[in-house]
């Protein structure tokens, strides 16, 4: 048997997310956002991170607010159901944060290039736009076959992809379902994969359905058991989106002082023993849990 | 409700595979090869087809032997467990067949470019090889970011992708599992998708697991119920590979006359009612069926 | 009885009417999301919805949703895949129509959702493109949905996040864009189309109770008006019933004011946790 | 007792010994497939197998398999995905070693599996590259497995399907290849390595009962011999037991002759339908 990769959240973040690291997160867009891992980066007071992701739905904003971030490569940073996010705005407007502006497609292509071991990928988007002014990773290119102008998107290879999955084993095998966004590309493009999981299960569960695996286990550096680790974002099969938490954060983060209060309540108290579910409370968890089950019809991998 | 796309095999091939069409097949490599559909093309005496696929494991050879093909865009044409295939060899050596030589990766990139609406995709393979001599779809390119030499692979957009799946509904929703090869890219790159299926099932089965769907139903033009439609190639969940059939074909196709005898036995007798399973016989089918079941552990898509 | 419908409900209805049956629609957030659901339940039952996070669905979600990533929007979807799969459909030319919003628009339909006041030293940083730039570049046509204010309707946007017709006729082809362009702008005041020859935005329809003069005063360039100016039809009762079924708490559509949640700004609405 | 092992079993054993534990191995067909299974069961239990059809597995198949696409090779795999996923691992530089076969090889390890006699008017058309060109271009190192005959060991291949060291030192980098090159050639007569300076193939080990003179006579250029020539170790009983467990009918390994099924040619073996 290969050695277990199962470690505590603090150990995983301490080892695989050093100061200055380029970190891909939020790669499934609105779902499965690794909030637990992001909050641990805040607790460990990480510095000078580069954050990479399509949209980030307040996680990037929270890390910016906590002073962990010096650069962002993203298509959109904000709060999906309200719009702009204050700490991000403040940081850019005050010149404290460098942003490389992508679209969802150019970011997907940048990670795809990284995943495929290529230095760039072509695209037909963004041509004529000002994204070329604020992203040195975009250039124009002439197609060698058609002579047409295309966008060339420079590869992004993160130091670590931080992903939250539904179920994993101690070896890094995992199942993820729902919309996957750019998760597959981010995992394959990154030097390391730090995986948090709702459940740790027996390997047999995962090997029973190899098409459900997003990235092969040998590419995973650490596995962390983090139930409710994507809250307030939704996790298919486990819990719904907690809209209230997004609205509360928006209100509280309006001022730096309000942001600190939010952090004192939701980030600081979670410790090495990881007791976020306790902080969340039983009633709130119950309200968010799946009410209408819809199990998949199995398939057979026999011989 | 949308109108049903369920048609007979002869109707589907008659409508969606005209003479001269560019047809992608065998996109899952050794598994799920659409032999039933290919044999119907032979019965309908299609002419001047272009065949597109990574490796084809005798299906391309059979269509070449029957005189249906004028051009092949592939990485490998032969019989996986024996090597060279005779009708293909004869056709190339006699100058009757044009081949554009790909590698598996360049073919995957050509279809990926088509699927992504791009005129080309870069790759780092084939550089310095003679594939550039026998494939006008390969050129070298300088990366606009690194200055390195790369291969540019011209897009392939087939007229129709012919794919065999495990289960589908009448609207073109389908589930496919196992190794998928370039199936996803081929379906998305093609103007039309002609789908043959082991089973026609209720839409609810397919909607119960949307991650298992290879191509959205609105991209599918025709659905055909063709049990044992991939025989002698394997179909995960349904039947194993029939090695004997591949060996028999190899022996019989050694001469043009032997090829005709093979065709008379295995292709010609199948009619509009599609009774290939009867031709195969119950004993042979039973020997190939799944003996050791290994069902997937379900997941939940509730809310 | 107060107003029979809210300003946002009127805009949702107008958005829905831009969708024809059997079209493939790349659905954005907020108003377009509701507009698509409305179209599916009225005149466009075979429309297919595509979402940038990697979702395709051709049936309505089984329950009300606040965002495209809410679990009911995944349950029973036709396809759950990757961003490059759904963006591939878009780039390949298989998407008929898409919807995007903006903070600033100009006479050629170019949109800014990135930097107010220029990117070198921005007065205001907005969230950025998301998929908007892609939708504006690659759909066969796209529709812009916006609040109509003079500071937003500028002669030239401060930053072009999502290209419209650029600097006018021929610009898109020159830039290398394969197709498309904006076909309509739906605002809080009216509906605009684009002149085929000049590519300039033209007022095509005013909302009930809005004068042309009001629209002109809120537009930062000399606005042209279509020869046959229409009045935007109000939502029918059937349409309102559908909208309210999918936004039961009025989170997106409830505001009586002309500030719409669609716009990328903080709002001061009563917060509710919509289940 | 006849021979304790067949020529192919010797080659399978030699192939297996080229794999180190924990390496990521891009497994080809036939001899390499068995070689990988053998390595997994002996000295390399943590080796990971990658297959071009979109399969990764780190445990042995639960039953004997004749091809990489046989269902037991999919059952309980670590990853079932797409060709661009597994080829992506390769192109990204994550594959340590790959195996390929050929019909013709030259002194710089270039391989031909496409056209005998040149492509303009080929005497013989072979099946083509498959993944071989990719494996030769992109793995950190690759190993060639071949029948050793003078007509196959040519000064210069008729067509370069899969690059070795091209025309010698510096050629790969010049062509744009990011890494790699052949590290060994395992033939029916011996094992060859490549000189670090000249990139030329050098005889490193002869199989039991084979003389250097025999090897030279079957090689189409003046063959260099390593200063410390070895004799290829014979398979152990434990190794033979594993091979015969995975090829119980001797389909791949059973031949006593030096014609190997690995080679892209018709064979006249007794046919069996291996379950």
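We just call them A, B, C and D in the order they show up, numbering each chain from 1.
Everything that follows uses one rule, which is that contacts are C-beta pairs under 8 Å (C-beta built on N, C-alpha and C of every residue); 3 or more make two chains touch, one makes a residue touch a chain.
Not measured: the values here are computed from a predicted model.
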item: Chains touching both chain C and chain D; value: A, B
item: Minimal step count in the chain contact network, chain B to chain C; value: 1
item: Which of A-D and B-D has more C-beta pairs touching across its chains; value: B-D
item: Centre distance in Å when chain A and chain D are each reduced to the mean of their C-alpha atoms; value: 41
item: Between chain C and chain A, distance of the C-alpha-averaged centres to the nearest whole Å; value: 27
item: Distance from chain B to chain A - Cα centre to Cα centre, in angstrom; value: 36
item: Multi-partner residues of chain D (at least 2 other chains); value: 62-63, 70-71, 74-76, 80-81, 84, 87, 90-91, 138, 178
item: Where chain B touches two or more other chains, by residue; value: 117-118, 123-124, 148, 150, 177-178, 180, 184, 208, 211, 236, 240, 290, 292, 294, 301-303
item: In contact (per the touch rule at the top): chain pairs; value: A-B, A-C, A-D, B-C, B-D
item: Touching residues on chain B, where the partner in the complex is chain A; value: 117-124, 137, 139, 141, 143-146, 148, 150, 152, 154-155, 166, 175, 177-178, 180, 205, 208-209, 211-212, 236-237, 240, 290-303
item: Residues of chain C defined as touching chain A within the complex; value: 29, 51-55, 62-63, 66-71, 74-76, 80-84, 87, 90-91, 114-115, 119, 121-134, 137-138, 159-163, 166, 171-172, 174-178, 261, 263-267, 271, 273-275
item: In the complex, chain C residues that touch chain B; value: 24, 46, 48, 56, 58-59, 62-63, 70-72, 74-81, 84-85, 87-94, 138, 178
item: Chain D partner contacts - residues on chain A that touch it in the complex; value: 2, 114-118, 173, 184, 188, 207-208, 210-211, 213, 215-219, 301-303
item: Chain D partner contacts - residues on chain B that touch it in the complex; value: 28-31, 54-55, 74-78, 80-86, 88-89, 92-93, 99, 101-106, 108-109, 112, 123-131, 133-134, 140, 148-151, 177-185, 233-234, 236, 240-244, 247-248, 250-251, 254, 287, 290, 292, 294
